[in-house]
Amino acid sequence: MSTIRSRFKIQYAGFSLETDLNFPAEGVTVIFGRSGSGKTTLLRCLAGLEKSSAGFMKFGDAVWQDESKKLFLPVHRRPIGLVFQDARLFPHLTVRDNLLYGYRRTEPTRRQIELDQVVDLMNLQPLLDRRPQKLSGGEQQRVAIGRALLKSPRLLLMDEPLANLDAQHKQDILPFLIRLKREMRIPIVYVTHSLSEVVQLVDTLVLLENGKSVAAGPANEVLSRLDLAGKVGPSAVGSVLTATVAGHETEFGLTRVQYQDHSLYIPEQPLAVGSPLRLHLLAQDISIALGEPQAPTSILNRLPATVLEIGSMESKGSAVNLKLDVGEPILATITRKSLAHLNLKPGMQVYANVKAVKMVHEIEEY
Amino acid sequence: MSTIRSRFKIQYAGFSLETDLNFPAEGVTVIFGRSGSGKTTLLRCLAGLEKSSAGFMKFGDAVWQDESKKLFLPVHRRPIGLVFQDARLFPHLTVRDNLLYGYRRTEPTRRQIELDQVVDLMNLQPLLDRRPQKLSGGEQQRVAIGRALLKSPRLLLMDEPLANLDAQHKQDILPFLIRLKREMRIPIVYVTHSLSEVVQLVDTLVLLENGKSVAAGPANEVLSRLDLAGKVGPSAVGSVLTATVAGHETEFGLTRVQYQDHSLYIPEQPLAVGSPLRLHLLAQDISIALGEPQAPTSILNRLPATVLEIGSMESKGSAVNLKLDVGEPILATITRKSLAHLNLKPGMQVYANVKAVKMVHEIEEY
Amino acid sequence: MDWQPIWITLKLAATTVGVLLLIGTPVAWWLAHTKSRARVWVEAGVALPLVLPPTVLGFYLLIALGTNGIVGGPFESITGSSLAFTFSGLVIASTLYSFPFVVQPLQGAFEASGRNYLEAAWSLGASKWDAFISVASPMALRGYVTAIVLGFAHTLGEFGVVLMVGGNIPGQTKVVSIAIYDHVEALEYSQAHWLSGGLLLFSFTVLVTVYAFNRRLPVHLS
Amino acid sequence: MDWQPIWITLKLAATTVGVLLLIGTPVAWWLAHTKSRARVWVEAGVALPLVLPPTVLGFYLLIALGTNGIVGGPFESITGSSLAFTFSGLVIASTLYSFPFVVQPLQGAFEASGRNYLEAAWSLGASKWDAFISVASPMALRGYVTAIVLGFAHTLGEFGVVLMVGGNIPGQTKVVSIAIYDHVEALEYSQAHWLSGGLLLFSFTVLVTVYAFNRRLPVHLS
Amino acid sequence: GEVTVAVASNFLNPLKTLIQEFQKQSGHTVRTVSGSTGKLYAQILHGAPFDVFLSADSERPRLLEQEGQAVAGTRFTYARGKIVLWSADPHRINADGQNILHRKNFRRLALANPKTAPYGKAAVTVLKRLNLWTSLSPLIVQGENIGQTFQFVATGNAEIGFVALSQVGDPRLKNKGSRWIVPEHLYDAIDQDAVLLTRGESQPPARAFLLFLKSDPARERILNYGYGLK
């Protein structure tokens, strides 16, 4: 598999970035960390906007930077699309000309996307002839994303592109990012401080702390590491399962998927029966039962599971994380009182219940 | 009760704001709407940064603007604190001097908060001597909030102040905003596109659409209106219940509260037994069961409820909203399949199950 | 070496720059922020003194400031002393002539920093005046440096206007530029070279110092 | 009325502004973006021609550009024609003299727009040159307007240098400013008034037009 | 007492030596203000604080008299300008300077602006009387005043030029370059007049200075500087 290999070292007064990363040149790599942890700085290094003394970066087989050999591909020669944290729309151009700026600088044969498509997808029609400075914060950000896409980049670098967008616009844009990744097979490096925003997207996760990568790897693995649970925040701890489409219940707007021996329901997906598909389960959305419920409940999804490991009880607060085995390890967050009440121990057989509606935002097509 | 009365009319090419609002001059009023709906414009009108032709605004008994009488209190004479969507830190001042800018312009007798407090609360110590332009996006935003607070305003206006902050920093700052509101009794008008961010805070909710207020009133009422559910987004639909602290289970980090005849567990709160307290229940965190579970589960909270109303089935998608009566009306989101499966009808007796861990972020002290 | 012209020159340049800043700042501010339709007219008017040859401008100023002039006449009848051929007259003339060099950079700087930071200052309780002093001015510091440098240098080198209005009176209105000119005219080339060289060296030193200091200023708008 | 000086003046001003923009732009760009320590020296050097009285500057230029001068000598031996007393010589002299008025506003404009938008342009595939043309220049449009106005006006009004280097040759180097000056000296006041009035009116019209257009430009940085 | 003398630039250098002598004799101090005649004239009209005006022509003093800015009857010719064809090159001009004008083996001929400078006007007359005006006028470069004209020639930018004899008669330039002193019949006399200004009327030192200017030793010096006298 083709990868993006990079090594950077940047020194500021009071802050230093030192990373050595190797992540796949496909799918979405999320760089996650607290405010000030160096996410933007790392992204700028990848884009070629910061020259680090001992930098190295290789995209697939192409070496973009190797300071030991004095090699440095300048930004404009890198086939990247970059979305800045502040939108940086050109104030002297209309929205249309902003959008077309990179497009016009892309060889026609290399273009993979057209203005109309982007305008539709980003809902930009009413803005096309406006000036950027008269747009609202979220409108600006949508234009900035569109502008980067229209360059038909081979690598998309995005710095908190959705931070200023409302839930609805996020929901409008996310599927497009998913399609980008799937149809155009364009790898995305996505910086965010909010994992829940991208939990639908993430394949690889890099956790930054104080300029250092403290964890990096498949999102699945990183997210289900009990020791990191405290770092990613309650709304992100979770797991990724791979399942297959088993059928559709169109009357209810649901799709039935097969995971191991079990059927699960998720909101309807436009996928053929047999398609593979990934499910994101947030730890806090899973509840534990010791047996089958007698009375009917609204919870559709129930997986038999074995308790593998119980998280640290040291931390104060009411919650504790469990690692369960449902074929693969998944995480569940429950109260310590429930832990005591259910008297859970490693090795016990339990049921993990997941509300199907909660999977609306945690679903990703493959 | 003292209120903030306002009426504005602003006309831009392609957009017009027209609002007539009356909300309490205490607690947190959230102005919520999609990107481009006019939130920032409304906030600017309240601050006195936009002069609208037929504007009117009254804060408690003080008339700040009445264009019919040519009355307009200039921005700097209004006792407001304003946090801009872009931080707008003064580039020629250090972080410390930025923080102290408003403080120094506040009469000593009117000061309610000191630099040290704000520095502690916003975690700004390492930044004090830095220049704003070298701060990361989130760092800038924290300084901007601190700067506005240090003016000891009588009304705090915030434009998406947390959009650039990570979950941890949000969690650090939110309790402080709650304390602001409670201890300093300072009313806050808070603009956001993400209701879940402020669901802990909100007392009054104003829903903007296309420059018009489509709903305004106590958050409780607005949020539990079934017809608005589609507008506020799945992560915000919910309800607010008032309960009383009944006891603490410190060993589990839990507090037991009494709601009507029922006991509920929430993460431990530093409140005396008997204190009143509000609970936020998100509709999507509630599952429905027709009877008591036989097998023990990790769900601690269970409320008997009567189905009041079933939301529109027209919308496509898998989810449907129910209005339940648990003494007060609350909303629950379930799949349409579950609705059919459980054969729910108005008037049926059911149980509403709520995971306690899910209440961590939905709790607010009164 | 005759130090008097040097002293007078420095005094003139410093006074002129002072007056220019005092008058130029509000004008530049107004130009940067107004939406009035009068704006372009004022803007054009400010640049206008540049267009006339200095001697000709000086000639008209002489007429205006002289004993019978529309400015000089009333001034003389009130104060008893004339404006033409005095240091005050020189200051007025230089101010007019160097006006655009001060207004333009200031206006540019004020426009560049825009309204956003002012809004922030107002919201923090600063009156318009306070916000101007504590936010707009320091943010326009580089504009001020440019304005001062251009204004000062231009006044140093000024000649035609000064010669006409000032009358080249030793000890009163004879400035370095005229002194150099006189030396050249009088074929005293070596004195001219020395004086020119000195002026250049002095100016260069001042300029380098100013710019080096300016470099260290923390204000960059982006 | 003698139109020749007017025509020459306009030609001189236009050519000079053209040359100034051509040379001034890279210098201003370099000054705005370099971190080199040489910067302050260049910055000071740019402002230096301002300091000398025009006639004196003209005198030194005459020496430098003349048949035996360090510039004029080589030029003459290569091209066979001299620089002094020619239109080319005037352009060189005016360029030098008006240089700071073009560099300073451009530098200010380039500094104000900063690196951020350039980074955006690069990331969208624009080379440094392309980004300069398509982003930095249009964003600095107001700086360009100021530079052109100051440069043009200053050349119009230029006199001392032009007189010295140009030799006042009718049809070649006799510009309006000299013509007005001649009228004043020759006591032909009414001609002087007419010519000055015409120059002012023309310039004012041009300036108002330029500024009105400038006003309508969409570029504001904030 | 003190006296301020406004003097046409071409006479500044001779005046300086005259002043030294006058100050020694009388104990008065003299301040000089030099400039072009046109400029000084305009300034006097508008109230310049000058006591005595030494013009480069006779017309401006006459006009001042008419306009009441000068004391009637005090005007007299203090010097008569002579023009010389001069080159910085010691070999360019031989005894009969007309040759070079006829042969035209030069590229630039400098003279002062005939409109504003009396020496320029005289130079034009010379060319006209020699019937060279039409053929030479394309080669002419004009200095704004006689000082600038001199610089054109002194720097070699104009090979030859008509300048004031007083300029090349300056002791510091004695015998530099080559010259042809233009015969006086080829141009009308350049009478440089002095006049007492109304401001100096009540000032004895001003009158004393004018008297001194008429004295023999002063006239001698003026002649030495290359001026003629009436």
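Each chain gets a letter, A, B, C, D and E, in the order it is written, and its residues are counted from 1.
In this text, a residue touches a chain if its C-beta (ideal position, glycine included) is under 8 Å from a C-beta of that chain, and two chains touch if they have at least 3 such contacts.
What you see is a predicted model, and the numbers here were worked out from it, not measured in a lab.
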| item | value |
| --- | --- |
| Smallest count of steps, each to a touching chain, taking chain B to chain D | 2 |
| Most extensive contact between chains (C-beta pair count) | A-B |
| Chain of greatest Cα-centre distance to chain B | E |
| Farthest-lying chain, centroid of Cα atoms versus that of chain A | E |
| Computed distance of Cα centres, chain E from chain C, in Å | 36 |
| Distance between the centres, which are taken as Cα means, of chain D and chain A, whole angstrom | 55 |
| Computed distance of Cα centres, chain E from chain B, in Å | 90 |
| Centre distance in Å when chain A and chain C are each reduced to the mean of their C-alpha atoms | 59 |
| Interface hub residues of chain A, defined as touching at least two other chains | 86 |
| Multi-partner residues of chain E (at least 2 other chains) | 39, 42, 151 |
| Contacts with two or more other chains, residues of chain C listed in rising order | 55, 59, 116, 184, 220-222 |
| All pairs of touching chains, each written as two labels joined by a dash | A-B, A-D, B-C, C-D, C-E, D-E |
| Touching residues (chain side chain C, partner chain E) in the complex | 55, 59, 62-63, 65-69, 72, 82, 84-85, 163-164, 167-170, 182, 184-187 |
| Touching residues (chain side chain D, partner chain A) in the complex | 116-117, 119-128, 130-131, 134-135, 138-139, 141, 218-221 |
| Contact footprint of chain C on chain D as seen in their complex | 39-41, 43-45, 47-48, 50-57, 59-60, 100-101, 104-105, 108-109, 111-116, 142-143, 146, 149-150, 153-154, 156-160, 177-178, 180-181, 184, 192, 196, 199-200, 203-204, 207-208, 210-212, 215, 220-222 |
| Chain B contact footprint on chain A (complex, rising order) | 12, 14, 33-36, 40, 85-86, 126, 130, 134-139, 141-142, 160, 163-169, 193-194, 233-236, 249, 251-254, 265-268, 284, 287-300, 316-319, 332-342, 351, 353, 355-358, 360-361 |
| Contacting residues of chain E [partner chain C, same complex] | 4, 9, 12-13, 31-35, 39, 42-43, 45-50, 147, 150-151, 154, 167, 170, 172-173 |
